[in-house]
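Both complexes shown next keep subunit A, but they swap its partner, so subunit B is in the first and subunit C is in the second.
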Partner chain A sequence: MRSEASWPLRIAALAGLLFLHLPILLIFLYAFTTDERTFTFPPPGLTTQWFAVAWNRADIWPPLMLSLQVALFSTLLALVLGTLVAAAMSGARFFGRDQLSLLIVLPIALPGVITGIALRSAIPMLHLNFGWQTIVLGHATFCIVIVYNNAVARFRRLSGGILEASADLGANAFQTFRYILLPNLGTALLAGGMLAFALSFDEVIVTTFTAGTGAASKTLPIWMLDELIRPRQRPVTNVVAMVVFATTFLPILLAYYLTREGSETAGSGK
Partner chain B sequence: MSPAVFPSRSVASRLTTLFWRHPRLLLGLLLAPPLLWLGLVYLGALAALLLQSFYSIDDFSGLIVPELTLKTYAQLFRPSNFDVITRTLLMALSVTVASGVIAFPVAYYAARFARGRWKAAFYLGVMLPLWSSYLVKVYAWKLILAKEGIVTWAATATHTDWLLDAALSLPGIGGSSLSTSYIGTFLVFCYVWLPYMILPMQAALERVPTSMLEASADLGATAGQTFRTVTLPLALPGIIAGSIFTFSLTLGDYIIPQIIGNSASFIGMAVYQLQGTAGNVPLAAAFAVVPILIMLVYLTLARRAGAFDAL
Partner chain C sequence: MSPAVEFRAVSRHFGPVKAVDAVDLTIAEGAFFAMLGPSGSGKTTCLRLISGFEQPSYGQIRIFGEDVSAVPPHLRNVNTVFQDYALFPHMNVRDNVAYGLMVKGMGRAARHAKAEAMLDLVKLDGYGGRKPAQLSGGQRQRVALARALVGEPRVLLLDEPLGALDLKLREAMQDELKSLQRRLGITFVFVTHDQGEALSMADSLAVFHNGKIAQIGTPSQIYTQPATRFVADFVGSSNLLPPALTASLGGPPKWSSLRPEALHLAQSAAPGPALTGTVQGQRYLGLGTRVTLAVQGTEIAAFLPAGTQVPPEGAPITLTFAPAALHVIDAE
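Moving on to the complex of A and B:
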């Protein structure tokens, strides 16, 4: 019984998808408008000058670099920690296993404002100063689950037989890790890393709590938030929004193509 | 006769033997760093938050009094604070219901009818907005809902501006423009969390066996009856799983109502403002405990409905 979808269903489904995508296109359109004070539609004129203006604005580069730096460090930390948990969880049954899986999901399951204020009130207790390192601290915490989800799905698919075969053929634990485990995990870790990078690069809620006050800990999303609240040269914000969009869009697309052959596909849960 | 010579064993192979004999040791080594991180950094931070919510603030000096008291929690029930909680709850409820209604056709079509290339297109079409920048999405809606923006333009062009004006003059939820009204906040919440609703819904619908639908049809049920009595009950755990996300995310968000809305406070905004400018960390912590408690109740109910198997 495979009946065709009815027309109202098709239209509703397509309308739903369009609803998800059309708003983003407007960001692109408004990057070319000549109107820098309001959001007049249709734009009174089109220009490409805002790309040059954005390029020369000195206040955009440091946040961009900081965001890349934070995303890179958070991703690396999450890759190590997430892979370790995935290896432990897939190999053995142990006391507290279910609780641990809950603990991994918690930073992303609870609203960001809770993770944020929890870290905000804990960091001074540890006598740490707010800065880019504390931003990484927060980001890595919620990126672990992304890497873990990708890695644990791959571990599940990997048969234990090849690890035993490697040991039988005389490889030690490190050789097995280097020559057997890592090549098999490779794409899953890359996909997880990409998603973690995208998530960290664009995170704003936890960041507003864990960042310091100075310009030195202003990430690109925080810069954007400031522009949204106190706008100046609105099209420049659109140009930056396009950059942010591209920086997250490409890794996500790559993560999808890296894992789509498998039974597990990256990105089905955030 | 010389004694047999064994090759000297490297550290690596000796460690391998050790791990082989004591698998628990390897497990411990694997788990130690992530456990230290999540246990110390995260659980420690949550514990600190919980502790702070039992502190209070001295009315005269404005300093935190580190003595356990329920005074701060009692402040949550003051009308001004309690309004914030009910407003957030109402918003979370209506956003969840609306996202469910918009998401269902997309999920249903993707699960039952889309094949091959279309299936991939639907999957990417939902996944990309899910992961793409949150702030960019919110910003896009600021452009759309602005008074001089595309919605007003479209309404004027189609001569439906009377409808827009009527919606904006509704008592309670209206405002001077969409971007400064509850309707605007509501629309943006629906938009931003919609993919979180579609994906679990679609997964649950895909698990409904076709044989059951055939059996239902063979037994004489109409398409509508099959949908109501077979498809919907079987897909319900997935719908509830999706609602966990939309509900929880709306409860804690503070960026969207700050950028689009009539500047009425929501729980997330209250937390942010109290810990920041007001410096009242105990009350901020108590506010933050509210969504945790609500989500615990919600999760318990969802678990009873079998929603966790659908995640």
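Moving on to the complex of A and C:
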């Protein structure tokens, strides 16, 4: 049965959608404006020159590369650790399991400042210098959770029988992992990995606390924040914002489609 | 020649629960052996002890004379047909069947040929390219069977193999499993809670109760000479007569069992022991009528073949039986 929403509710929903998405459209619009100092509406004219300007600006490339590098490494770290934790948690039954599971996902619910301050004081205790590696560590705290959540859901749907069946047929642990577990876990890991990558790529708060000083520790989102204060060539920031949008939104979209499919439990069914 | 499977005082404890408790068991090579029992009786744990997914807490398991305590599941020459079949959902039927050969390093062409031959054997030729999700329950069962048999195990374990099938399919598969086992000569060990299935398929069976084996024997031994009250009751729902009633029928003062179909409506001057009571209820079953009556406070069921004039409810009834049909249970 389909029920019709009342008119006020529809208007409220529409207003909510506009409120969420209009600013994003405005960002795209101002990437094409001819006015480089202020964001006046409507734009006095439209141009594509800022794409060329952004391309040629030398100060954009190091933050972009750093952000990609950090996102890549924190995603890899999260994929390994998150999958291992998920495998351990789904195979085990013990007292306090639910509480432990909550502890594992807690970092994603903690405010970024808390994680940031905690890491800021913990990292020197390990005699590590702040740099891109420490940003990776900071981002891994929440990336692990994303991968864990995806992997643990898939483990739950995988019937334990198929792992036993593989061993029963003569496969050793590595072969079972390679031929049975990985193909069934693959899309979940890919989805988790892409979400983690997107999260890491545009993270600001934890990054500010775990980054070192100096240009070599400036990620793309932080570069954008700095750039907003400068009065000239403002549309360049919008061009970069569009790039960030594309590199984060596309993986999220793909992740959504990957996890939506294959909802039937692997290995069950009589 | 050493037996296919041998349990020597094997126990498997889960904390305080004795799932399997000091079981001695010998399964001859080439046998079709059933482990029968209600859920929680330890039969499935015994099967997992043979496949290696459980380790005995005490005792020793030998497969063809070899102590397998230190042998992990993947190195045992034993394959399992799992209760939920556990087919690999991401592989087609051919790759499912060929999996055991693939992990042992057999080439693609050779293993696919063997898989197709095995699919032929279970009457699934032409289904190799399908995914398990595209098959019916009975077909999945055959795939699981083919997958377990392709590696030529010396012992095949079947965990409630017919449990998920409907009645008609189940009866057809019973015959097929039986003939398959005869043709291949492999030792089959299967677990079931269905006594009819165990009696009709197995050469010999073990009845499990509370982690122990209550009785081992051929189907007819188990059926006609139950060793314990539990076996008498679980297999074929026999009448259990308390010691006093047994004595009044000319037996020793011990518990005894009397099969419902061993009872006959008394002719006017029939000799031998007789049970007299009033008819309490009757149920028409096609092949005959199941009549219940009360004798000295004990409810007795009798199966009277079709054509018998069954007295109405409340009427007196006298039933006779051959003295040999009264089986005295010696064990407590």
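The definition used in the following text is that the second predicted complex is superposed on the first by the 251 of 270 C-alpha atoms of A that agree within 3 Å, B and C clash if a C-alpha of one lies under 4 Å from a C-alpha of the other, contacts with A are read in each partner's own complex, and residues count from 1 in each chain.
Everything that follows uses one rule, which is that a residue touches a chain if its C-beta (ideal position, glycine included) is under 8 Å from a C-beta of that chain, and two chains touch if they have at least 3 such contacts.
Fair warning: this is a prediction, and the values are worked out from it, not measured in the lab.
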| field | Per-residue touch tally on subunit A - higher for subunit B or for subunit C | value | B
| Touching partner for A:248 - first (subunit B), second (subunit C), both, neither | first
| task | Look at A:134 in the shared chain and tell me whether it touches subunit B only, subunit C only, both, or neither; answer first, second, both or neither. | result | neither
| Is A:27 touching the first partner subunit B, the second partner subunit C, both, or neither of them? | first
| request: Give one of first, second, both or neither to describe whether A:42 is in contact with subunit B, with subunit C, with both, or with none. | output: first
| query | When the two structures are overlaid on chain A, which partner does A:172 contact: first (subunit B), second (subunit C), both, or neither? | reply | both
| Between subunit B (first) and subunit C (second), which, if any, makes contact with A:67: first, second, both or neither? | neither
| said: Show me the subunit A residues, by the header's touch rule, that subunit B contacts in one structure and subunit C contacts in the other. | reply: 167, 172, 175, 267-270
| Parts of subunit C lying in touch with subunit A, wherever the complex brings them together | 51, 53, 72-75, 78-80, 82, 84-90, 99-100, 102-104, 132-133, 137, 140, 147-148, 151, 164
| remark: Within their complex, subunit A touches subunit B through residues 1, 3-5, 9-10, 12-13, 15-17, 19-21, 23-24, 26-27, 30, 38-42, 80-82, 84-85, 87-88, 91-92, 94, 100, 103-104, 106-107, 109-115, 117-123, 125, 137, 140-141, 144, 167, 172-175, 195, 198-199, 202-205, 208-209, 221, 224-225, 228-229, 237-238, 241, 244-245, 248-249, 252-253, 256, 260, 265, 267-270
| task | Would you tell me which residues of subunit B are touching subunit A in their complex? | result | 10, 12-13, 15-16, 19-20, 23, 26-27, 30-31, 33-35, 37-39, 41-46, 48-49, 52, 102-103, 105-106, 108-110, 112-113, 120, 122-144, 146, 148-150, 152-153, 191, 194-196, 198-199, 203, 210, 213-214, 217, 223, 248-249, 251-255, 258-259, 267-268, 271-272, 275, 281, 284-285, 288, 291-292, 295, 311
| query | If you look only at subunit A, which of its residues touch subunit C in the complex? | reply | 159, 161-162, 164-172, 175, 179-180, 183-184, 264, 266-270
